[in-house]
Amino acid sequence: MGTFLSQFVNGLNQASILLIATMGLVIIFGYMNVTNMAHGSMIMLGGVSAYILMEVIGLPFGVAIAGAFIITALIGMLIEKLLIKRLYSKPTETILATYAISIILTEIVRLKYPLSQNVHMPLPGAFKLGSVTIPYYNIFVGIFSIAILVFTLFLFRKTTFGKKLGSVTQNRTMTECLGIKTASVDTLTFGYGAGLAGIAGCVLAPTTGVSYDMGSTYLTDTFMTNVVGGIQSFFGTAVSSVIIGEGRTVMAGFLNETWAKIIIFMIVIVIIRLKPEGLFTKERR
Amino acid sequence: MSKVKSSLAKLPLNRYFDVMMLIFLAVFPMFVKEFRVEMMGRYICYAIFALSLDLLWGYTGLLSLGHAVLFGIGGYLIGISYQIQNGVVPAFMQREGITEIPWFYLPLQNPIVAAVLGVLVPALFAALIGYFAFSSKIKGVFFTIITLALAQIFKDFIINVQKYTNGFNGLQSIKRFAINGSAPLSKTTYYYIILGIAVLVFLFCLWLTNNRVGKVCTSVRENEARLGFLGYDAGAFKILIYTISGAIAGLAGVLYAPATSTITTEDIGVTASTMVVIWVAVGGRGNLTGAVFGALLVNWAQSILSEHFSSVWQLIIGVLLLAVIYFIPNGIIGQLVNLQRRFITDKQKNKLSEEPVQAAAVVKATPHN
Amino acid sequence: MSMEELRSGSDILTIRGLTVSFSGFRAISDVDLDVKEGEIHVIIGPNGAGKSTLMDLITGKTKATEGDILFRGQDITGKAPGVIASKYHIGRKFQGPNVFDNMTVYENIEIALGGFTSIRKAFCYRRKAEQKQKIEEVLKQINLYEQADMMASELAHGQRQWLEIGMVIAQSPELIILDEPAAGMTDTETFKTGEMIKELAKEHTLIVIEHDMEFVEQIADYVTVLHQGRKLAEGPFSEVKNNRKVIQVYLKDDMDEEGD
């Protein structure tokens, strides 16, 4: 029971980070229909930004979060403008191109930082609840991820930008006729999605450190979370983040990390076979 | 005679390429040192591996980013066979306290059985994954994600079950099919065996893709939804092609491990899977020749260049992939075949436009909506 | 009323009370439709009237919320697209060319012929004289005999539309649904398409969605007008053309569109 509870607390941390990163994918993959294989690299870049801002320059954690968001969002927008834009109607080429980008980004970072780098814990300490130790940082990450979820929902449902985005994803040509610049909406949206991945990487950094190869694991994790939750569903993503993040961490406590991954992988492909639209779907035409 | 000549002229360019490559590979051992022969033998294994991906990706449009898993299963099965010859428990198992060969390894003592399993197991594994991944409603890209996750997990798995696989270190001293205590095949003999099998695999792929099965697979790539409306069970064809592809990838692995005498986790993970995608992309997907040519070319380039650029080699690979996508999306061979085709159809069109039928077209002034 | 009597014969397709809604929006509401054996039944209506949705419902691409679709008296509501295509022989040509681009014209027709829909059949299939003859026949019907070896992507737009029609014919459907077969064609091509359709009607029943009134007049035996998901009017073209409700809706919407 002790193992279960403490792993459960750790799992919430995993789930929260997965949620932030996967929200970026809901936007990029779900709404924009871009299979962005460089999403994992955006998480990695967020982590690297956190390292540079906090450890090299010495800025506080809050600034690092904002910085990670801005840096990855800008890189994301640049990639969208230069490379992905030309491939919007070619899904296979998009996969390959973004995959190539992820290789390039990973390798550039590897040349600079071949070893894993530590980022200090901005919120040290923990409190005890019975036999379980709950780090303050985990609580912060949990609340923070929910705040981001609420903010993103607000952005997409209530603001004019969100409405524009909705109309662009539903009927591109029609929206163009109405005089909305779909191209800049695409770029900004992609940037926001990439920025979320950057935040996830930044928040992740103090717990796991930063290494050039952290992107590829998170790439598949976020995609699986996204598809299980329903590719256009923010709410579903929240639920599947908890299922996958918790499932993996709790199981890792009893077996080991590899077997936990294998079991989660098997569960995911069974779920997708049974519910190809994901657990939560938006009804679409 | 003139008929033969004209049908030869219509033959796609890549078929000439095939013959040239075969002649080159057949005479290659006569002119080079033995270690080069060994090296080229390895590349031919890669070419077989590339063919398996071409069936799946080039012809059917299903991009696997974890194809090295299937290759690796084949390689590991034959590799294990040579760790447990004559009932000897290998050192890496003894270190973990295993005193007897585990029951599930016993059949592998016979290298022939191991080789056959090395083809069948990956095929079955692919069929199983395919069954889950190719239900009608699942987006095609998800297959790519699943296979990528598979590659990551499989590598972790092999490392994790160290007592059975020697983990990170991989398996060494895999003999070139020494059977019942006989001496292993010579490097040159083994080279020609690999080449012979490669030719058979190539001919099989050629037959398959020109067969109805291949045509349906091509239609899956072109327009899967349309195929469904025509009453085809696209899912079944996808599972079939993935299974066949798995068998061929496994076969490539079975041939590869003895050719280099080792198989390690480097040969099975995401990086290895990415490499095969690159070979096919560079050579050109969907025409078989491109896969073989790409595998030989990229590996040859790697053998020369990676010594000088070993630290940035992966970076070069990434940039190369990006360049191929934007500048020669059909790959080298694909681009050449397209040029030839355009040349032929231009000729045909010229012939057609001399007839009066085409001239009648009048463009509507205002299309009524 | 007299028109009803003119339209004798049994129904190939009977639709009753068909309704479908997407997140509360009723794209088709309470539509009844009778398609008689052997007729060319044209469905017209302004943009967003639900014409394509109606076809999606018939071919099983979309599931109905309410109502029944009967094919010669058999209920086909909610059946899978593959079943409707192969078991009930309803073939559909989609809006815009939807062919297998990087395959030859011949291969396109052969795939559509469906001699190898399952893996077992695909391995055993041999192209017999019978199939060859059928393919050639279809190629001639759609004016693409000369282009048999060309890639579908190399065809002109109109020819690609014909190839689509050819693929539908190859399935030997009893009911053919054509979604804007003449869209984007030149006048000559449109006229040829019309003649092609009339030729087809000798052996098949057709439902055609169309915008172009001249074209409708050329081919239609019977016309149904949809508006905002409901049936507005039906009858022979000459009658529908003069229907006041139709003129009002159709012309009004038409002008709106041009105002964009």
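Which chain is which? They are A, B and C, in the order written, and residues in each are numbered from 1.
Keep this in mind: a contact is a pair of C-beta atoms (placed from the backbone, for glycine too) under 8 Å apart; a residue touches a chain by one contact, two chains touch by 3 or more.
Not measured: the values here are computed from a predicted model.
The chain with its Cα centre farthest from the Cα centre of chain A is C.
Innermost chain of the displayed assembly, by C-alpha centre distance to the whole-protein C-alpha centre, is B. Chain A and chain B have centres, each the mean of its CA atoms, that are 32 Å apart. Taking each chain's centre as the average of its CA atoms, chain B and chain C sit 42 Å apart. We define each chain's centre as the mean of its Cα atoms; on that basis chain A and chain C are separated by 45 Å. Of all the residues in chain A, the ones that touch chain B in their complex are 35, 83, 86-87, 91-93, 95-97, 99-104, 106-108, 110-111, 216-217, 219-220, 223-224, 227, 256-259, 261-262, 265, 269-270, 272-273, 276-277.
Within the complex, the chain C residues that touch chain B are 47, 59, 81-82, 85-86, 92, 94, 98-103, 107, 110-112, 114-119, 121-123, 125, 146, 150-151, 154, 167, 171, 184-190, 211-214, 254, 257-258. Listed in rising order, the residues of chain B touching chain C in the complex are 211-213, 215-216, 218-219, 221-223, 226-233, 236-237, 240, 286, 341, 345, 348, 352, 360-364, 367-369.
Taken in their complex, chain B has these residues touching chain A: 61, 63, 65, 129, 131-133, 135-138, 140-142, 144-146, 148-150, 152-153, 156-157, 159-160, 270, 274, 277, 281, 311-312, 314-315, 317-319, 321-322, 325-326, 329.
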